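Next come two complexes built around subunit A: one with subunit B, the other with subunit C.
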Partner chain A sequence: MVSSVTNLGRSGVFDWLIQRVTAYVLALYTLFLLGFMVFSDVNYETWTALFSQTWFRIFTLLALLSIGAHAWVGLWTVTTDYIKAMAPRFLVQALCGLTMFVYVIWGIQILWGL
Partner chain B sequence: MLVSLYRYNPETDNAPYMQDVEVEIPEGKDLMVLDVLNLIKERDPSMAYRRSCREGVCGSDGMNMNGTNGLACITPMSQVVKKDKLVLRPLPGLPVIRDLVVDMSLFYKQYEKVMPYLVNDTPAPAIERLQTPEDREKLDGLYECILCACCSTACPSFWWNPDKFIGPSGLLQAYRFLADSRDTAQAERLSNLDDPFSVFRCRGIMNCVSVCPKGLNPTKAIGHIRNLLLQRAT
Partner chain C sequence: MNSKRPVNLDLGKFHFPLPAITSILHRISGIIIFVGVAFLLYGLDLSLSGEDGYARVSELLDSFLAKLIIWGILSALLYHLVAGIKHLLMDMGIAEELESGLLASKITVVVSIVLIILAGVWVW
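Presenting the complex of A and B:
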């Protein structure tokens, strides 16, 4: 058993499952948006109409949170592979965490027009 | 034929270097790579490599031949030699002791972690612990591993984290005991593996499968371990 405190969950299987589930959410969201762009006329009216619906805001927020979790698991793996010294590794991980946090909060602000 | 050899003797060399040797191959013969090395050693006894059974059973002569890991004793020249040239290097990712001999301590440490032995707390029967032929069949493709380290040293995840990621060889062995009907320590074994490194550092690159000289499939075994962990945790 290797101990680790910087990964998303405390267990390997949790991280693995989160990454798979969020991948499905992101794929669905991407397909939906692509479909929307292909099959409907994208202009200010249709775009605001889409984003004014609560279900789509929830779907977008879910996608945003999924990106955060998915990227955290992925980038954590990359940093533990390639950055061997503790200080720079922790710094990069903290920067990644901060960036994701900012994007999620910012996304909420945009979605609900707060 | 030109053979390029990785040479390093820590007592005399500051750094490893490649030595080119011209080897006369007997006409019409498809020698094994180990035979070529033996021919070289006859001329230069300082050349160091491990070998023992010379028939792919002991797993001593794992090395990197023209970029691919394998056992020198069962790899014919016709399979690896390209443009009449053979490049021999030690297994990648492990510290070199001398020439083609690597320090396998980390590899064995990972092997030790998976408790590669049967654990059974129930009273021992008079003769032996029996297994149905079906249960015994589950161990096929797992027990044959000879610990040559060709797979683990071909695995990028093992290169980056050899101290944390158990590696394909160790995980194949881990599953060999998880799948054994006579073992009673499955819960403990799984608990020892449920961290982000031991099993989950496998990214499914499958170098292990393509180099295994015994034709085993560690990636599949790792998938089974992952499923067991998932079943237990959801």
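Presenting the complex of A and C:
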């Protein structure tokens, strides 16, 4: 039995809920963005117009935060299943966490062009 | 525990039922997407940096390698999405029995393959 001190929600039920809520957000975002790219004539003007809308920036940031939480729960499950030794497991989990943090900050910088 | 019990951990001898295979693919595709986000954010950053950047992304996407990477990420994303929807349906109590679960796994595989082929056609 692996210590659950590293899981996101402190309890399996809360992790399950986080995974579901973020899954719905990510599914909607994916379907919307793929739909936009497949069914409309994408060029520089329409592309920047979409990403200059406040609601879409918020939607994109929400999706990025959801990726962070969703990937943490998912990768936590995978790493606790396959990496039994504590030190390498913590190291891999820390790398995943750092990557998620970078993704979110990078995304904010892209969206609001700081 | 009784240490004399026979142990067979030769993975090559295990028979994996289809739902086990769709489950491990869900995990693998999730890891691919997690890594792929870096490529997608790089492309988004460049495409929104100005008209030159947007043109550069279009130019990059003309290369075979970039198309292959995008198709790979899209394939993982589409599979993860389809298998994820199966999970959400199972939360609602749908396809939780042995037979319906197997059928749902088969549908997941078929729908994913169709979507992945369509994505390949779209990318090229």
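By definition in this document, the second predicted complex is superposed on the first by the 111 of 114 C-alpha atoms of A that agree within 3 Å, B and C clash if a C-alpha of one lies under 4 Å from a C-alpha of the other, contacts with A are read in each partner's own complex, and residues count from 1 in each chain.
Assume contacts are C-beta pairs under 8 Å (C-beta built on N, C-alpha and C of every residue); 3 or more make two chains touch, one makes a residue touch a chain.
Here the structure is a predicted model, which means the values were calculated and not measured.
Undergrad: Scan A:Ala71 for contacts with subunit B and subunit C and give back first, second, both or neither.
TA: In the superposition, A:Ala71 touches subunit C alone.
Undergrad: Could you say whether A:Asn7 touches subunit B, subunit C, both of them, or neither, answering first, second, both or neither?
TA: first
Undergrad: Quick check on the superposed pair: does A:Asp15 touch subunit B, subunit C, both, or neither? Answer first, second, both or neither.
TA: First partner only.
Undergrad: For subunit A, which side has the bigger count of touched residues, subunit B or subunit C?
TA: In the superposed model, C touches more residues of subunit A.
Undergrad: Please indicate which partner A:Thr99 is in contact with in the superposed arrangement: first for subunit B, second for subunit C, both, or neither.
TA: Only subunit C; A:Thr99 stays clear of subunit B.
Undergrad: Between subunit B and subunit C, whom does A:Asp41 touch in the aligned arrangement: first, second, both, or neither?
TA: It touches nothing on subunit B or subunit C.
Undergrad: On the A-aligned overlay, A:Thr80 touches which partner chain: subunit B = first, subunit C = second, or both, or neither?
TA: The answer is first: A:Thr80 touches subunit B but not subunit C.
Undergrad: Using the touch definition from the top, say if A:Gly107 reaches subunit B (first), subunit C (second), both or neither.
TA: second
Undergrad: Where does A:Ala27 make contact in the superposed view: on subunit B (first), on subunit C (second), on both, or on neither?
TA: Second partner only, subunit C.
Undergrad: Help me check something: in the complex, which residues belonging to subunit C touch subunit A?
TA: Residues in contact with subunit A: 27, 30-31, 34, 37-38, 41, 44-45, 47-48, 51, 54-55, 77, 81, 84-85, 87-88, 91, 122.
Undergrad: Along subunit B, where are the residues that touch subunit A in the complex?
TA: Per the stated touch rule, the residues are 157, 160-161, 164, 191-201, 226, 229-230, 233-234.
Undergrad: Mind listing the subunit A positions that touch subunit C in their complex?
TA: For subunit A paired with subunit C, touching residues are 20, 23-24, 27, 30, 38, 44, 47-48, 51, 67, 71, 74-75, 78, 96, 99, 103, 106-107, 110, 113.
Undergrad: If we count contacts the way the header does, which residues on subunit A are in touch with subunit B in the complex?
TA: The contact residues of subunit A facing subunit B are 1-4, 7, 11-17, 76-77, 80-82.
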